[in-house]
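Encoded as structure tokens, here's the structure I'll be asking about.
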Amino acid sequence: MSYGIPRRETHFEPRDPHWDAKVRDSFARQGIMGHLGATLADVWPGGCEIRLPYRPELSQQVGYFHAGVTSTVVDSAAGYAGFSLMAPHTEVLSVEFKINLLAPADGELMIATGEVIKPGKNLVITRGDAWVVKGDKVTHCAMMQQTLMTMHAK
Amino acid sequence: MSYGIPRRETHFEPRDPHWDAKVRDSFARQGIMGHLGATLADVWPGGCEIRLPYRPELSQQVGYFHAGVTSTVVDSAAGYAGFSLMAPHTEVLSVEFKINLLAPADGELMIATGEVIKPGKNLVITRGDAWVVKGDKVTHCAMMQQTLMTMHAK
Amino acid sequence: MSYGIPRRETHFEPRDPHWDAKVRDSFARQGIMGHLGATLADVWPGGCEIRLPYRPELSQQVGYFHAGVTSTVVDSAAGYAGFSLMAPHTEVLSVEFKINLLAPADGELMIATGEVIKPGKNLVITRGDAWVVKGDKVTHCAMMQQTLMTMHAK
Amino acid sequence: MSYGIPRRETHFEPRDPHWDAKVRDSFARQGIMGHLGATLADVWPGGCEIRLPYRPELSQQVGYFHAGVTSTVVDSAAGYAGFSLMAPHTEVLSVEFKINLLAPADGELMIATGEVIKPGKNLVITRGDAWVVKGDKVTHCAMMQQTLMTMHAK
């Protein structure tokens, strides 16, 4: 189900033929994704989508998704969007990000997406967004700008 | 144990005589804090410290604390620094934050601190930091600027 | 000339029937716009475009547009995008912004655009972008996320 | 005159023995500094201070220093703090920054400072601040987090 969320079509040429498998392997190694209950819904060259069903363990004091939880899934979605375009034998690291919380993240499902804006060799700049689904209402609840660094194996 | 981390002495006059109790109550209601294993180590008028022992459930793909986990505890530490100065019968909401990840968050304990820079009536501007402790080495691993909004009860 | 830059069509209902005149009046009062040589190329409800021809007085040390100059025109473009939706008898103030410099701003013309993402009553969240034109090459050189505050007249 | 602004003492070892001269040369080549009327008040290993007297050409619509002008001098102050620590035969570039405008920049003099937080070989992370002086009142009006990149000569 797309929930009407815009999927930005990217037109990047991946540097690694195994981009899909390496992103999925890396996601599976992120302990926090399993601990939160997040799943990798989709990945494509330069883009990624992560989904996270609500549960009380993810809340801030009023019961909504905590801003840090939102940040975690958007950071990973944008990070894997970037990692999908990185060369073989590299690792990805978040250098910094900035997130605006646009609306209370009140709902039963969070959908986080990331897309590459500039795929530099060392620095990759991305954008991320989050939507929260409550019944048949879908609310754009966060947007992010992020800088990633490619770690080259020695 | 202070681990040599600088505690910024603040000199704010709290608007709510029950600032200490209300911060502790609110922290206890944040489901994500318990789910991560974070504890409220200290709170004072305009400042807050949160501690989070490492476990594999908090990791990114290489085994360090995930950037989103770091963001979560720094966002809460800075948020509660701000909340400690808010008037009675208000709630706190993160409007936005920006975090720089200064070093890999590799260690057995994370210490997050927050302090108020400008305690406006509606908007409160804060700074946050995180350190990671590995054996006897303490590394400054993140710094944040954050904007909070005071939600006035209706 | 559009230079192929995407114009985001917005669908906002302005709260002030004189949105166009008030934005143009305010722009004319910004001393820095004239001092840099910037012009208000276009404004629509929730969107704005500013253009700035290059001259050596705008440069950083290598001769490109200075990052602060880029920030200035994107901050104003996004600020006026927000101001166009604000109620009568209000003023606009930048609370904070974050800008990524995507490429060296090397060219003879800078085009800055802003668009409203969330038009709250008090806080307005926007996005901004800048492009630099060099001959027939147009480069996306900056992107911004910005928070504005509506100042209500007393 | 210090105006009571805190000067953070840094304890960095510069990689370039000519750090002082190279910063001053680079500052002199920034066309925008002269165009705004900014002067390099001080530079030390890992730190920098820039001063900018007010004039109407620097204003936003209400007559205060424009947020972009504030950004320009803080970006340069923090950038030169970083550049002072970079190796010989390198150039400095702003990758991104985030600025909070803490108070209206209403006054006759702006003082911008920058200091290095993490002097990486490729990426340098800095903090910046601005104060505005009006009569005998000094107001902390902006704070910044910034990422710089070292450009190595080919």
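Letters A, B, C and D mark the chains as written, and numbering starts fresh at 1 in each.
By definition in this document, a contact is a pair of C-beta atoms (placed from the backbone, for glycine too) under 8 Å apart; a residue touches a chain by one contact, two chains touch by 3 or more.
Quick caveat: nothing in here was measured; it's all calculated off a predicted structure.
Between subunit A and subunit D, two chains of identical sequence, the interface residue sets overlap for the most part, with shared numbers making up over half of the total. Distance from the centre of subunit D peaks at A, each centre being the average of the chain's Cα atoms.
The geometric centre of subunit A is 28 Å away from that of subunit C, both derived from CA atoms. One simple way to say how far apart two chains are is to compare their mean CA positions; for subunit A and subunit D this gives 33 Å.
Here the CA centre of subunit C is 23 Å from the CA centre of subunit D.
Residue positions 95-96, 98, 100, 145, 147 of subunit B each touch two or more of the other chains.
Only residues 98, 100, 102-103, 117-118, 125, 127, 140, 143, 145, 147 of subunit B touch subunit D when the two sit together in their complex. By the touch criterion stated above, subunit C contacts subunit D in their complex at residues 26-27, 29-32, 34-35, 55-62, 66-69, 71-73, 75-76, 91, 93-101, 104. Per the touch definition, subunit B reaches subunit C in the complex via residues 95-96, 98, 122-123, 145, 147, 149.
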